[in-house]
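The structure appears below as C-alpha coordinates.
Which chain is which? They are A, B, C, D and E, in the order written, and residues in each are numbered from 1.
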(Lines give C-alpha, C1' and ligand atoms only; values in the text may rest on other atoms or scores of the structure.)
Protein backbone atom coordinates (compact mmCIF):
# COMPACT_ATOMS: atom_id res chain seq x y z
CA UNK A 1 0.00 0.00 0.00
CA UNK A 2 1.07 3.57 -0.40
CA UNK A 3 0.76 6.48 1.97
CA UNK A 4 -1.05 9.47 0.48
CA UNK A 5 -2.96 12.62 1.32
CA UNK A 6 -6.45 13.38 0.06
CA UNK A 7 -6.27 16.63 -1.92
CA UNK A 8 -9.53 16.76 -3.81
CA UNK A 9 -12.45 15.14 -5.55
CA UNK A 10 -13.32 14.14 -9.12
CA UNK A 11 -16.81 14.84 -10.43
CA UNK A 12 -17.99 12.68 -13.31
CA UNK A 13 -21.58 12.37 -14.46
CA UNK A 14 -20.98 10.10 -17.42
CA UNK A 15 -19.40 6.93 -16.10
CA UNK A 16 -19.66 3.18 -15.96
CA UNK A 17 -22.82 2.21 -14.09
CA UNK A 18 -20.81 0.32 -11.48
CA UNK A 19 -19.19 3.60 -10.43
CA UNK A 20 -22.47 5.25 -9.45
CA UNK A 21 -22.28 6.25 -5.81
CA UNK A 22 -18.53 5.79 -5.53
CA UNK A 23 -16.63 8.77 -4.12
CA UNK A 24 -13.63 9.45 -6.34
CA UNK A 25 -10.90 11.14 -4.34
CA UNK A 26 -7.68 12.62 -5.65
CA UNK A 27 -4.74 11.49 -3.54
CA UNK A 28 -1.11 12.54 -3.61
CA UNK A 29 1.63 10.23 -2.27
CA UNK A 30 3.45 11.57 0.79
CA UNK A 31 6.76 10.96 2.54
CA UNK A 32 7.03 9.51 6.03
CA UNK A 33 6.84 13.07 7.42
CA UNK A 34 3.65 13.60 5.35
CA UNK A 35 5.44 16.00 3.00
CA UNK A 36 3.76 15.74 -0.39
CA UNK A 37 5.57 13.98 -3.20
CA UNK A 38 4.88 14.73 -6.85
CA UNK A 39 2.12 13.09 -8.80
CA UNK A 40 -1.37 11.97 -7.88
CA UNK A 41 -3.90 9.25 -8.55
CA UNK A 42 -7.65 8.85 -8.19
CA UNK A 43 -8.94 6.36 -5.62
CA UNK A 44 -12.37 5.29 -4.41
CA UNK A 45 -12.94 6.18 -0.77
CA UNK A 46 -14.32 3.39 1.44
CA UNK A 47 -13.64 4.90 4.87
CA UNK A 48 -14.97 8.45 4.75
CA UNK A 49 -11.61 10.15 4.33
CA UNK A 50 -11.78 13.92 3.95
CA UNK A 51 -9.50 16.37 2.20
CA UNK A 52 -6.23 16.80 4.11
CA UNK A 53 -6.29 13.38 5.74
CA UNK A 54 -3.40 10.94 5.33
CA UNK A 55 -4.58 7.55 4.14
CA UNK A 56 -3.49 4.15 2.91
CA UNK A 57 -4.25 3.36 -0.71
CA UNK A 58 -4.44 -0.20 -2.01
CA UNK A 59 -3.93 -0.74 -5.73
CA UNK A 60 -4.55 -3.34 -8.42
CA UNK A 61 -6.97 -6.22 -8.02
CA UNK A 62 -6.68 -5.87 -4.23
CA UNK A 63 -8.48 -2.54 -4.57
CA UNK A 64 -11.62 -4.57 -5.29
CA UNK A 65 -11.46 -6.57 -2.05
CA UNK A 66 -13.75 -4.32 -0.03
CA UNK A 67 -17.52 -4.62 0.31
CA UNK A 68 -17.93 -1.33 -1.56
CA UNK A 69 -15.58 -1.92 -4.49
CA UNK A 70 -16.14 -5.63 -5.21
CA UNK A 71 -16.40 -6.37 -8.94
CA UNK A 72 -16.14 -2.71 -9.86
CA UNK A 73 -13.76 -1.07 -12.37
CA UNK A 74 -11.64 0.43 -9.62
CA UNK A 75 -7.85 0.04 -9.41
CA UNK A 76 -7.15 2.15 -6.31
CA UNK A 77 -9.03 2.25 -3.02
CA UNK A 78 -8.60 4.24 0.18
CA UNK A 79 -8.95 1.55 2.84
CA UNK A 80 -7.56 3.19 6.00
CA UNK A 81 -7.10 6.60 7.58
CA UNK A 82 -3.66 6.88 9.17
CA UNK A 83 -3.50 7.92 12.83
CA UNK A 84 0.24 7.92 13.16
CA UNK A 85 3.46 6.29 12.03
CA UNK A 86 6.16 4.81 14.23
CA UNK A 87 9.35 4.99 12.19
CA UNK A 88 12.88 3.98 13.17
CA UNK A 89 15.45 5.33 10.74
CA UNK B 1 -7.19 5.48 -11.66
CA UNK B 2 -5.31 8.03 -13.68
CA UNK B 3 -6.51 11.25 -15.23
CA UNK B 4 -5.89 11.47 -18.96
CA UNK B 5 -6.98 13.22 -22.14
CA UNK B 6 -8.17 11.39 -25.24
CA UNK B 7 -5.84 12.37 -28.09
CA UNK B 8 -6.57 9.84 -30.80
CA UNK B 9 -7.62 6.43 -31.99
CA UNK B 10 -5.86 3.19 -32.93
CA UNK B 11 -7.01 1.30 -36.01
CA UNK B 12 -6.25 -2.40 -36.11
CA UNK B 13 -7.85 -4.90 -38.48
CA UNK B 14 -5.88 -7.95 -37.40
CA UNK B 15 -6.56 -8.50 -33.73
CA UNK B 16 -7.74 -10.98 -31.13
CA UNK B 17 -11.38 -11.83 -31.83
CA UNK B 18 -12.42 -10.57 -28.38
CA UNK B 19 -11.32 -7.08 -29.40
CA UNK B 20 -13.76 -6.83 -32.30
CA UNK B 21 -16.02 -3.83 -31.76
CA UNK B 22 -13.87 -2.32 -29.00
CA UNK B 23 -12.92 1.34 -29.54
CA UNK B 24 -9.20 1.72 -28.88
CA UNK B 25 -8.46 5.26 -27.79
CA UNK B 26 -5.05 6.83 -27.27
CA UNK B 27 -4.92 8.69 -23.97
CA UNK B 28 -2.25 10.93 -22.50
CA UNK B 29 -1.97 11.45 -18.73
CA UNK B 30 -2.68 15.01 -17.59
CA UNK B 31 -1.91 17.16 -14.56
CA UNK B 32 -4.61 18.47 -12.23
CA UNK B 33 -4.86 21.58 -14.48
CA UNK B 34 -5.33 19.26 -17.49
CA UNK B 35 -1.89 20.13 -18.86
CA UNK B 36 -0.61 17.14 -20.77
CA UNK B 37 2.17 15.05 -19.27
CA UNK B 38 4.52 12.97 -21.40
CA UNK B 39 3.72 9.47 -22.54
CA UNK B 40 0.51 7.79 -23.59
CA UNK B 41 -1.33 4.50 -23.42
CA UNK B 42 -4.12 2.81 -25.34
CA UNK B 43 -7.42 2.21 -23.53
CA UNK B 44 -10.79 0.75 -24.50
CA UNK B 45 -13.55 3.34 -24.33
CA UNK B 46 -16.71 2.28 -22.48
CA UNK B 47 -18.38 5.68 -22.06
CA UNK B 48 -18.29 7.35 -25.47
CA UNK B 49 -15.38 9.67 -24.74
CA UNK B 50 -14.31 11.81 -27.69
CA UNK B 51 -10.96 13.33 -28.60
CA UNK B 52 -10.11 16.22 -26.28
CA UNK B 53 -12.14 14.98 -23.35
CA UNK B 54 -10.56 14.40 -19.95
CA UNK B 55 -11.30 10.94 -18.61
CA UNK B 56 -10.52 8.45 -15.87
CA UNK B 57 -8.62 5.36 -16.93
CA UNK B 58 -8.68 2.17 -14.88
CA UNK B 59 -5.80 -0.28 -15.36
CA UNK B 60 -4.91 -3.90 -14.72
CA UNK B 61 -7.49 -6.60 -14.01
CA UNK B 62 -9.93 -3.89 -12.89
CA UNK B 63 -10.04 -2.71 -16.50
CA UNK B 64 -12.07 -5.86 -17.22
CA UNK B 65 -14.78 -5.09 -14.65
CA UNK B 66 -17.18 -3.38 -17.05
CA UNK B 67 -19.96 -5.03 -19.05
CA UNK B 68 -18.08 -4.23 -22.26
CA UNK B 69 -14.58 -5.39 -21.31
CA UNK B 70 -15.32 -8.48 -19.21
CA UNK B 71 -13.00 -11.40 -20.04
CA UNK B 72 -11.27 -9.48 -22.81
CA UNK B 73 -7.52 -8.92 -23.31
CA UNK B 74 -7.75 -5.31 -22.20
CA UNK B 75 -5.52 -3.77 -19.51
CA UNK B 76 -6.78 -0.18 -19.61
CA UNK B 77 -10.35 1.11 -19.81
CA UNK B 78 -11.88 4.58 -19.96
CA UNK B 79 -14.68 4.32 -17.40
CA UNK B 80 -15.64 7.95 -16.71
CA UNK B 81 -15.64 11.36 -18.39
CA UNK B 82 -14.48 14.02 -15.96
CA UNK B 83 -16.75 17.05 -15.45
CA UNK B 84 -14.52 18.90 -13.03
CA UNK B 85 -12.03 18.54 -10.22
CA UNK B 86 -12.20 20.14 -6.80
CA UNK B 87 -8.63 20.39 -5.59
CA UNK B 88 -7.26 21.91 -2.38
CA UNK B 89 -3.51 22.40 -2.54
CA UNK C 1 -2.15 -1.32 -23.74
CA UNK C 2 1.14 -0.09 -25.04
CA UNK C 3 2.25 0.54 -28.60
CA UNK C 4 5.40 -1.38 -29.56
CA UNK C 5 7.40 -2.69 -32.49
CA UNK C 6 8.41 -6.32 -32.89
CA UNK C 7 12.23 -6.43 -33.05
CA UNK C 8 13.08 -10.08 -32.55
CA UNK C 9 12.41 -13.50 -31.10
CA UNK C 10 13.44 -15.42 -27.98
CA UNK C 11 14.45 -19.07 -28.31
CA UNK C 12 14.10 -21.20 -25.20
CA UNK C 13 14.15 -24.99 -25.14
CA UNK C 14 13.92 -25.43 -21.39
CA UNK C 15 10.70 -23.82 -20.25
CA UNK C 16 7.46 -24.35 -18.39
CA UNK C 17 5.36 -26.92 -20.26
CA UNK C 18 2.53 -24.41 -20.71
CA UNK C 19 4.84 -22.29 -22.86
CA UNK C 20 5.40 -25.00 -25.45
CA UNK C 21 4.26 -23.71 -28.85
CA UNK C 22 4.05 -20.07 -27.73
CA UNK C 23 5.95 -17.62 -29.95
CA UNK C 24 7.99 -15.33 -27.70
CA UNK C 25 8.56 -12.02 -29.46
CA UNK C 26 10.78 -9.18 -28.32
CA UNK C 27 8.95 -5.87 -28.54
CA UNK C 28 10.17 -2.33 -28.03
CA UNK C 29 7.78 0.47 -27.04
CA UNK C 30 7.37 3.19 -29.67
CA UNK C 31 6.21 6.79 -29.78
CA UNK C 32 3.10 7.92 -31.66
CA UNK C 33 5.32 8.43 -34.77
CA UNK C 34 6.60 4.85 -34.33
CA UNK C 35 10.05 6.08 -33.27
CA UNK C 36 11.53 3.50 -30.92
CA UNK C 37 11.75 4.29 -27.23
CA UNK C 38 14.30 2.65 -24.95
CA UNK C 39 13.76 -0.69 -23.31
CA UNK C 40 12.01 -3.84 -24.41
CA UNK C 41 9.87 -6.68 -23.12
CA UNK C 42 9.03 -10.20 -24.24
CA UNK C 43 5.44 -10.91 -25.28
CA UNK C 44 3.57 -13.93 -26.61
CA UNK C 45 2.28 -13.36 -30.13
CA UNK C 46 -1.36 -14.30 -30.74
CA UNK C 47 -1.93 -12.55 -34.09
CA UNK C 48 1.00 -13.55 -36.31
CA UNK C 49 2.93 -10.30 -35.95
CA UNK C 50 6.27 -10.26 -37.75
CA UNK C 51 9.48 -8.37 -37.07
CA UNK C 52 9.08 -4.68 -37.88
CA UNK C 53 5.33 -4.55 -37.33
CA UNK C 54 3.78 -2.12 -34.86
CA UNK C 55 1.49 -3.87 -32.41
CA UNK C 56 -0.57 -3.46 -29.27
CA UNK C 57 0.67 -5.30 -26.19
CA UNK C 58 -1.61 -6.13 -23.29
CA UNK C 59 0.01 -6.76 -19.90
CA UNK C 60 -0.76 -8.33 -16.54
CA UNK C 61 -3.59 -10.78 -15.96
CA UNK C 62 -5.34 -9.39 -19.06
CA UNK C 63 -2.53 -10.92 -21.13
CA UNK C 64 -4.11 -14.30 -20.35
CA UNK C 65 -7.53 -13.41 -21.76
CA UNK C 66 -6.95 -14.83 -25.25
CA UNK C 67 -7.73 -18.36 -26.40
CA UNK C 68 -4.00 -19.00 -26.84
CA UNK C 69 -2.68 -17.63 -23.54
CA UNK C 70 -5.43 -18.67 -21.11
CA UNK C 71 -4.04 -20.05 -17.82
CA UNK C 72 -0.45 -19.75 -19.00
CA UNK C 73 2.50 -18.04 -17.25
CA UNK C 74 2.42 -15.12 -19.64
CA UNK C 75 2.31 -11.48 -18.53
CA UNK C 76 2.46 -9.76 -21.93
CA UNK C 77 0.58 -10.60 -25.12
CA UNK C 78 0.54 -9.11 -28.60
CA UNK C 79 -3.19 -8.93 -29.34
CA UNK C 80 -3.42 -6.56 -32.32
CA UNK C 81 -1.40 -5.38 -35.32
CA UNK C 82 -1.73 -1.63 -35.75
CA UNK C 83 -2.84 -0.35 -39.16
CA UNK C 84 -2.69 3.35 -38.36
CA UNK C 85 -3.16 5.93 -35.66
CA UNK C 86 -5.35 9.02 -35.84
CA UNK C 87 -3.82 11.51 -33.43
CA UNK C 88 -4.85 15.08 -32.65
CA UNK C 89 -2.17 16.94 -30.76
CA UNK D 1 9.47 -10.20 -4.86
CA UNK D 2 11.49 -7.32 -3.56
CA UNK D 3 14.03 -7.21 -0.78
CA UNK D 4 13.24 -4.65 1.91
CA UNK D 5 13.91 -3.67 5.51
CA UNK D 6 11.18 -3.12 8.08
CA UNK D 7 11.52 0.46 9.34
CA UNK D 8 8.28 1.11 11.17
CA UNK D 9 4.58 0.59 11.71
CA UNK D 10 1.37 2.31 10.58
CA UNK D 11 -1.41 2.88 13.11
CA UNK D 12 -4.91 3.24 11.72
CA UNK D 13 -8.11 2.99 13.72
CA UNK D 14 -10.53 3.79 10.94
CA UNK D 15 -10.09 1.17 8.26
CA UNK D 16 -11.82 -1.44 6.16
CA UNK D 17 -13.15 -4.19 8.44
CA UNK D 18 -11.05 -6.81 6.64
CA UNK D 19 -7.91 -5.05 7.83
CA UNK D 20 -8.71 -5.47 11.53
CA UNK D 21 -5.90 -7.39 13.18
CA UNK D 22 -3.48 -6.98 10.27
CA UNK D 23 -0.06 -5.59 11.20
CA UNK D 24 0.81 -2.82 8.78
CA UNK D 25 4.57 -2.49 8.50
CA UNK D 26 6.52 0.19 6.70
CA UNK D 27 9.24 -1.34 4.55
CA UNK D 28 12.04 0.28 2.57
CA UNK D 29 13.63 -1.50 -0.41
CA UNK D 30 17.30 -2.40 0.08
CA UNK D 31 20.27 -3.25 -2.13
CA UNK D 32 21.95 -6.66 -2.13
CA UNK D 33 24.25 -5.38 0.67
CA UNK D 34 21.14 -4.34 2.63
CA UNK D 35 21.89 -0.64 2.10
CA UNK D 36 18.61 1.22 2.07
CA UNK D 37 17.26 2.56 -1.22
CA UNK D 38 14.89 5.50 -1.40
CA UNK D 39 11.15 5.16 -1.06
CA UNK D 40 8.96 2.92 1.05
CA UNK D 41 5.71 1.02 0.98
CA UNK D 42 3.31 -0.41 3.52
CA UNK D 43 2.96 -4.19 3.73
CA UNK D 44 1.01 -6.61 5.91
CA UNK D 45 3.27 -8.79 8.01
CA UNK D 46 2.51 -12.52 7.97
CA UNK D 47 5.74 -13.86 9.50
CA UNK D 48 6.38 -11.80 12.63
CA UNK D 49 9.05 -9.56 11.13
CA UNK D 50 10.35 -6.88 13.46
CA UNK D 51 11.83 -3.48 12.79
CA UNK D 52 15.33 -3.77 11.33
CA UNK D 53 14.81 -7.18 9.77
CA UNK D 54 15.35 -7.77 6.06
CA UNK D 55 12.36 -9.39 4.42
CA UNK D 56 10.82 -10.44 1.14
CA UNK D 57 7.73 -8.54 0.05
CA UNK D 58 5.25 -9.97 -2.45
CA UNK D 59 3.02 -7.51 -4.32
CA UNK D 60 -0.17 -7.43 -6.32
CA UNK D 61 -2.78 -10.18 -6.25
CA UNK D 62 -0.10 -12.60 -5.04
CA UNK D 63 0.00 -10.64 -1.79
CA UNK D 64 -3.39 -12.21 -1.02
CA UNK D 65 -2.17 -15.80 -1.35
CA UNK D 66 -1.41 -16.34 2.33
CA UNK D 67 -3.79 -17.72 4.95
CA UNK D 68 -3.77 -14.33 6.69
CA UNK D 69 -4.30 -12.04 3.71
CA UNK D 70 -6.73 -14.06 1.58
CA UNK D 71 -9.55 -11.91 0.14
CA UNK D 72 -8.35 -8.80 1.92
CA UNK D 73 -7.63 -5.35 0.43
CA UNK D 74 -3.87 -5.85 0.71
CA UNK D 75 -1.45 -5.32 -2.19
CA UNK D 76 1.85 -6.00 -0.39
CA UNK D 77 2.71 -8.77 2.06
CA UNK D 78 5.85 -9.68 3.99
CA UNK D 79 6.07 -13.43 3.43
CA UNK D 80 9.64 -14.30 4.44
CA UNK D 81 12.43 -13.11 6.72
CA UNK D 82 15.77 -13.23 4.92
CA UNK D 83 18.60 -15.17 6.61
CA UNK D 84 21.26 -14.48 4.03
CA UNK D 85 21.91 -13.95 0.34
CA UNK D 86 24.40 -15.81 -1.83
CA UNK D 87 25.30 -13.46 -4.64
CA UNK D 88 27.75 -13.94 -7.50
CA UNK D 89 28.51 -10.72 -9.30
CA UNK E 1 8.14 -11.01 -19.54
CA UNK E 2 11.54 -9.58 -18.79
CA UNK E 3 14.97 -10.90 -19.68
CA UNK E 4 17.24 -11.36 -16.65
CA UNK E 5 20.33 -13.15 -15.40
CA UNK E 6 20.38 -15.31 -12.28
CA UNK E 7 22.94 -13.82 -9.91
CA UNK E 8 22.25 -15.50 -6.59
CA UNK E 9 19.94 -17.12 -4.09
CA UNK E 10 17.90 -15.98 -1.08
CA UNK E 11 17.90 -18.11 2.06
CA UNK E 12 14.92 -17.72 4.36
CA UNK E 13 13.98 -20.13 7.14
CA UNK E 14 11.04 -18.19 8.50
CA UNK E 15 8.51 -17.85 5.71
CA UNK E 16 4.94 -18.47 4.68
CA UNK E 17 4.27 -22.20 4.64
CA UNK E 18 3.37 -22.10 0.95
CA UNK E 19 6.94 -21.04 0.17
CA UNK E 20 8.52 -24.17 1.64
CA UNK E 21 10.52 -25.93 -1.06
CA UNK E 22 10.47 -22.98 -3.46
CA UNK E 23 13.90 -21.92 -4.76
CA UNK E 24 14.19 -18.15 -4.44
CA UNK E 25 16.61 -16.83 -7.02
CA UNK E 26 17.95 -13.30 -7.33
CA UNK E 27 17.71 -12.09 -10.90
CA UNK E 28 19.01 -8.93 -12.54
CA UNK E 29 17.42 -7.56 -15.72
CA UNK E 30 19.73 -7.59 -18.76
CA UNK E 31 19.92 -5.82 -22.12
CA UNK E 32 19.52 -7.63 -25.43
CA UNK E 33 23.32 -8.26 -25.42
CA UNK E 34 22.98 -9.75 -21.92
CA UNK E 35 24.76 -6.77 -20.33
CA UNK E 36 23.40 -6.34 -16.82
CA UNK E 37 21.08 -3.43 -16.08
CA UNK E 38 20.71 -1.97 -12.61
CA UNK E 39 18.35 -3.36 -10.01
CA UNK E 40 17.24 -6.87 -9.17
CA UNK E 41 14.24 -8.85 -8.04
CA UNK E 42 13.62 -12.20 -6.40
CA UNK E 43 11.85 -14.89 -8.43
CA UNK E 44 10.86 -18.50 -7.83
CA UNK E 45 12.69 -20.88 -10.15
CA UNK E 46 10.52 -23.46 -11.93
CA UNK E 47 12.99 -24.64 -14.59
CA UNK E 48 16.24 -25.40 -12.77
CA UNK E 49 18.04 -22.21 -13.79
CA UNK E 50 21.52 -21.84 -12.32
CA UNK E 51 23.57 -18.78 -11.47
CA UNK E 52 24.80 -17.05 -14.63
CA UNK E 53 22.00 -18.28 -16.86
CA UNK E 54 19.80 -15.85 -18.80
CA UNK E 55 16.13 -16.46 -18.18
CA UNK E 56 12.63 -15.15 -18.76
CA UNK E 57 10.78 -13.89 -15.71
CA UNK E 58 6.99 -13.65 -15.60
CA UNK E 59 5.47 -11.23 -13.07
CA UNK E 60 2.18 -10.53 -11.36
CA UNK E 61 -0.68 -13.00 -11.16
CA UNK E 62 0.75 -14.78 -14.22
CA UNK E 63 3.69 -15.83 -12.04
CA UNK E 64 1.27 -18.23 -10.32
CA UNK E 65 0.28 -20.02 -13.54
CA UNK E 66 2.81 -22.85 -13.26
CA UNK E 67 2.27 -26.20 -11.57
CA UNK E 68 4.85 -25.26 -8.93
CA UNK E 69 3.67 -21.75 -8.07
CA UNK E 70 -0.13 -22.12 -8.25
CA UNK E 71 -1.91 -20.38 -5.36
CA UNK E 72 1.35 -19.33 -3.72
CA UNK E 73 2.41 -15.85 -2.58
CA UNK E 74 4.81 -15.45 -5.48
CA UNK E 75 4.83 -12.44 -7.81
CA UNK E 76 7.79 -13.36 -10.05
CA UNK E 77 8.65 -16.71 -11.60
CA UNK E 78 11.50 -17.93 -13.81
CA UNK E 79 9.63 -19.90 -16.48
CA UNK E 80 12.21 -20.33 -19.26
CA UNK E 81 15.96 -20.51 -19.81
CA UNK E 82 16.97 -18.49 -22.85
CA UNK E 83 19.01 -20.26 -25.54
CA UNK E 84 19.44 -17.29 -27.83
CA UNK E 85 17.82 -14.14 -29.14
CA UNK E 86 17.30 -13.18 -32.77
CA UNK E 87 17.17 -9.41 -32.85
CA UNK E 88 16.78 -7.06 -35.82
CA UNK E 89 17.59 -3.49 -34.93
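The rule is simple: a residue touches a chain if its C-beta (ideal position, glycine included) is under 8 Å from a C-beta of that chain, and two chains touch if they have at least 3 such contacts.
In this text, all values refer to a predicted model and were calculated from it rather than measured experimentally.
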Intersection of contact partners for chain B and chain C: none
Centre-of-Cα separation between chain D and chain B, whole angstrom: 32
Cα-centroid distance, chain A relative to chain D, in whole angstrom: 20
Contacts with 2+ other chains: residues of chain C: 60-61, 63
Graph class of chain-chain contacts, one of line, ring, star, complete, other: ring
Order of the ring members, counted from chain A so that chain B is second: A, B, C, E, D
Residues on chain C engaged by chain B in the complex (per definition of touch): 1-3, 32, 46-48, 56, 58-63, 65-67, 69, 77, 79-89
Chain A partner contacts - residues on chain D that touch it in the complex: 7-19, 24, 26, 40-43, 51-52, 60-61, 63-64, 71-76
